[in-house]
Amino acid sequence: MTIDDKVCTVEAAVAMIQSGDRIMVGSFGNSGYPEELVSALAASDQNELTIISNDLGSPGIGLGRFLTNRQIKALIGNYYNWNPEVAAAKNDGAIKVTLVPQGTFAEAIRAAGVGIPAFYVPAGVGTALAEGKPTAVFDNRTYILERAIQADVALIRAFRADTLGNLVYYKTARNFNPLMAMAARLTIAEVDEIIPAGELDPECIVTPHIFVDKLVLKVKP
Amino acid sequence: MTIDDKVCTVEAAVAMIQSGDRIMVGSFGNSGYPEELVSALAASDQNELTIISNDLGSPGIGLGRFLTNRQIKALIGNYYNWNPEVAAAKNDGAIKVTLVPQGTFAEAIRAAGVGIPAFYVPAGVGTALAEGKPTAVFDNRTYILERAIQADVALIRAFRADTLGNLVYYKTARNFNPLMAMAARLTIAEVDEIIPAGELDPECIVTPHIFVDKLVLKVKP
Amino acid sequence: MTILVPKAQVKIRIARRIAQEFMAQGRRMFINLGVGTPTLVANYITGNHIFLQAENGMLGVGPKAEGEAVDLKLINAGREPVTETAGCCYFDSATSFGMIRGGHIDATVIGAFEVDETGNLANWIIPNGRQLGVGGAMDLVAGARQVVVALPHTSSNGQPKLVRECTLPITGCHEADLVVTELAVFRFREGQMVLEELAPEIDLEGLRALTPARFTVDDHLKPMSV
Amino acid sequence: MTILVPKAQVKIRIARRIAQEFMAQGRRMFINLGVGTPTLVANYITGNHIFLQAENGMLGVGPKAEGEAVDLKLINAGREPVTETAGCCYFDSATSFGMIRGGHIDATVIGAFEVDETGNLANWIIPNGRQLGVGGAMDLVAGARQVVVALPHTSSNGQPKLVRECTLPITGCHEADLVVTELAVFRFREGQMVLEELAPEIDLEGLRALTPARFTVDDHLKPMSV
């Protein structure tokens, strides 16, 4: 009996994504996102996607290509001012957009990863983004109940993997990637390098391989 | 103007603890706990303490000394079978003991550190430990609402610090220490070594110095 | 009371059968083993695709440490010194239980005082005033995808452990998925306790006499490998 | 409309005054700076006891990177390439906002479209259909121990920004602690907006004319250092 290898091609990885999927993509302003996975998905026929990410890159750049290519049904994220096509598409009724404060967004992704369905936060109390959300008072302060955000697939970017799938990151390219790795049914990591298991310092591994299903080696510079 | 140095003696550190304080102590079964801080606190006059820890060591050993020395008012933790003096003291009415499932305990400490007052978990639903706790149903599953656990002081054990107070840990001695570092008003870390700032790999720092108030260099082997 | 399986063999048989369960799946698995009999399961796992997690903060737990290799800061959740495996890693307890609660751990193997016919299990406390601890048991049974209960079929004085309704405080509601004793293997299917395997030392009638819990018998009842 | 402070000086004066606020505390501080004028605050901070946090996952953010030092994977939350400082570290966004929400960040400096006399502030959206983003603003104002609002006293066409009640969607309720404009410094004390410093270009009457928000005047009203 052989156990499937986690390493696969970018094509094989993207073929695992279905139209209609909820897809998390690690990123922060065109930095720290899985470039080859995003390119391949943007070039694919998959559509009606819900993209869960901090932002949506820029028009025609990075994650922005999903919108330019009309592959998006809905967005869940927090900052789309870097890509004015998002507001335009929303105004046209072409896509649905759910804004979540960035810290809540990060925590909600982690929550999905660690089996917490809902949690209370102070961010947004009394604002338009709290409308319709339950509130509760703890120790004389009002908090909003926020729900976990989970996905079908997480496309993440790491720096180095070992063959098991343990991951380490690079500077601020870490961003949401370790959180998203935990929060999806299928996690695909694009990495710059794959080294033998045992060669990453066990004290420094950021994402244990339990959270990683597939590895794609980035080949373009 | 000079900014206070974080490095201090174990005596100075323990002098910051008041009788009646809620004190978190990193530990797991007599492993990965701040040995000199615990010894000094056990030798002090401070009492009426609430000790928040995974377990309470063994009778007269490790955290067990706080009970042997009658310094404890209450315990919050999850596993006291390694120290039968705990059940005995509870049965005598000498101390109050609150049991929280270990994963919930860990998450509740983290929650305090990250400003989340309450969160839902599945652990313990329908059991004696859920009595009196609110429940809610999400996606057809019942969850318990658990509250954050915060403290006045956290006594933690790390392996190496830099002079700013950034910390790294050693193997399974990590346990609850990084969580407790975030969850107390005052965090005191006992470390084996203190090196200049800049000498820890910024990618491998587990506890950023923002969470650490005082550093005690362990001197005994 | 008749001893059907020699005491020395009970734990080994149970552990070996549970290891088979995992090996038979032929896939990468992440498993948490409780103290006692569950720990023995590791002895019967071969290959490099089954990874052990210790809830005190380690993935890729290796065999028990002996002699020089003992490091009291490298222990499993039962406080036993263990060793590293290639690709192991360390993390804090919140991340560790995040793996468990988040459904990333494929199976947990735990002991129990009692399991009942609804899949409730009791393994954390005998309310005798001498115990005061829950550990990670409630998190594990609620979080792991498969809950495997490893227990002798009856207590040392012959009292049944597979009961109609737990009498001791329960650890989780309807969480048991597989129950392995030295005499039988039961699987919970849609809330129903089903006998799948029977040991050679006993027949169905004999088993029912030792098992107050009501169960159905699988159409393909098999002999339990011993 | 009369220009009281040359436009080029507005941002510098505000940034410098806010830096003074932090320096004057003479203690270790952890600060998050928003985009625009807030970022300039870093230019006026000296010593090695004030640490900048970027919510995209870095503590110990150094000066902007130039030339060879530019690394597009080492950026601040405004997407500007930055540099490292000794003892800096990286972490994921949940940990980053854990620092913020958990009250570990001593101060956040943010811009705003409006602040009102109750300390409400609006800085995330002008509902004109062209903006769609909140970023970390709501988390920052709710989580940081001190919320410092850096804004010009009036808009470029003379509209007041310190108002009785915010007209734009608010970012947080009563979260502003200190408001610094090129003309004045206000501090919220027990929910009350108090004028503490006044710039030399204007008198109290003139300030009131530009400030619909109702405020009291500190007994020890000081000239604002410019």
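Per-chain residue numbering starts at 1, and chain names A, B, C and D are given in the order in which the chains are listed.
One rule holds in what follows: a residue touches a chain if its C-beta (ideal position, glycine included) is under 8 Å from a C-beta of that chain, and two chains touch if they have at least 3 such contacts.
Since the model is a prediction, treat every value here as computed from it, not as a measurement.
Would you kindly count the fewest steps from chain A to chain D, each step being a jump to a chain that touches the current one?
1
Hey, how far apart are chain C and chain D in touch steps, shortest way?
Minimum number of steps from chain C to chain D: 2.
Taking the mean of the CA coordinates per chain, how far is chain A from chain C in Å?
Distance between chain centres: 35 Å.
Taking each chain's centre as the mean of its CA atoms, how far is chain A from chain B in angstrom?
About 32 Å, centre to centre.
As a quick test, compute the distance in whole Å between the mean CA positions of chain B and chain C.
Spacing between the chain centres: roughly 30 Å.
Using the touch rule from the top of the page, what residues of chain B touch 2 or more other chains?
107, 110, 114-116, 121-122, 169-171, 202-203, 206, in rising order.
Spell out, as numbers or ranges, the residues of chain C touching 2 or more other chains.
Chain C, residues with two or more chain partners: 90-91, 94, 97-98, 100-101, 143.
With chains as vertices and touches as edges, which is it: line, ring, star, complete or other?
other
For this structure, give each pair of chains that are touching.
Pairs satisfying the touch definition: A-B, A-C, A-D, B-C, B-D.
State the interface residues of chain B toward chain C in the complex, per the touch definition above.
By the definition above, chain B touches chain C via 28-32, 54-55, 78-82, 84, 86-87, 90-91, 97, 99-107, 109-110, 121-129, 169-179, 206.
In the complex, go through chain A and note every residue touching chain C.
1, 3-4, 110, 112-116, 162-164, 166, 182, 196-198, 200, 202-203, 205, 208-211
State the interface residues of chain D toward chain A in the complex, per the touch definition above.
Spelled out, the residues of chain D in touch with chain A are 54-58, 71-77, 79, 90-94, 96-98, 100-101, 129-140, 142-143, 169-173.
How about chain B: which of its residues touch chain A in the complex?
107, 111, 114-122, 136, 138-139, 141, 143, 147, 168-171, 201-204, 206
Quick check: in the complex, which residue numbers of chain C touch chain A?
Against chain A, the touching part of chain C is residues 26-28, 30, 47, 49, 51, 53, 59-60, 84, 86-91, 94-95, 97-105, 143.
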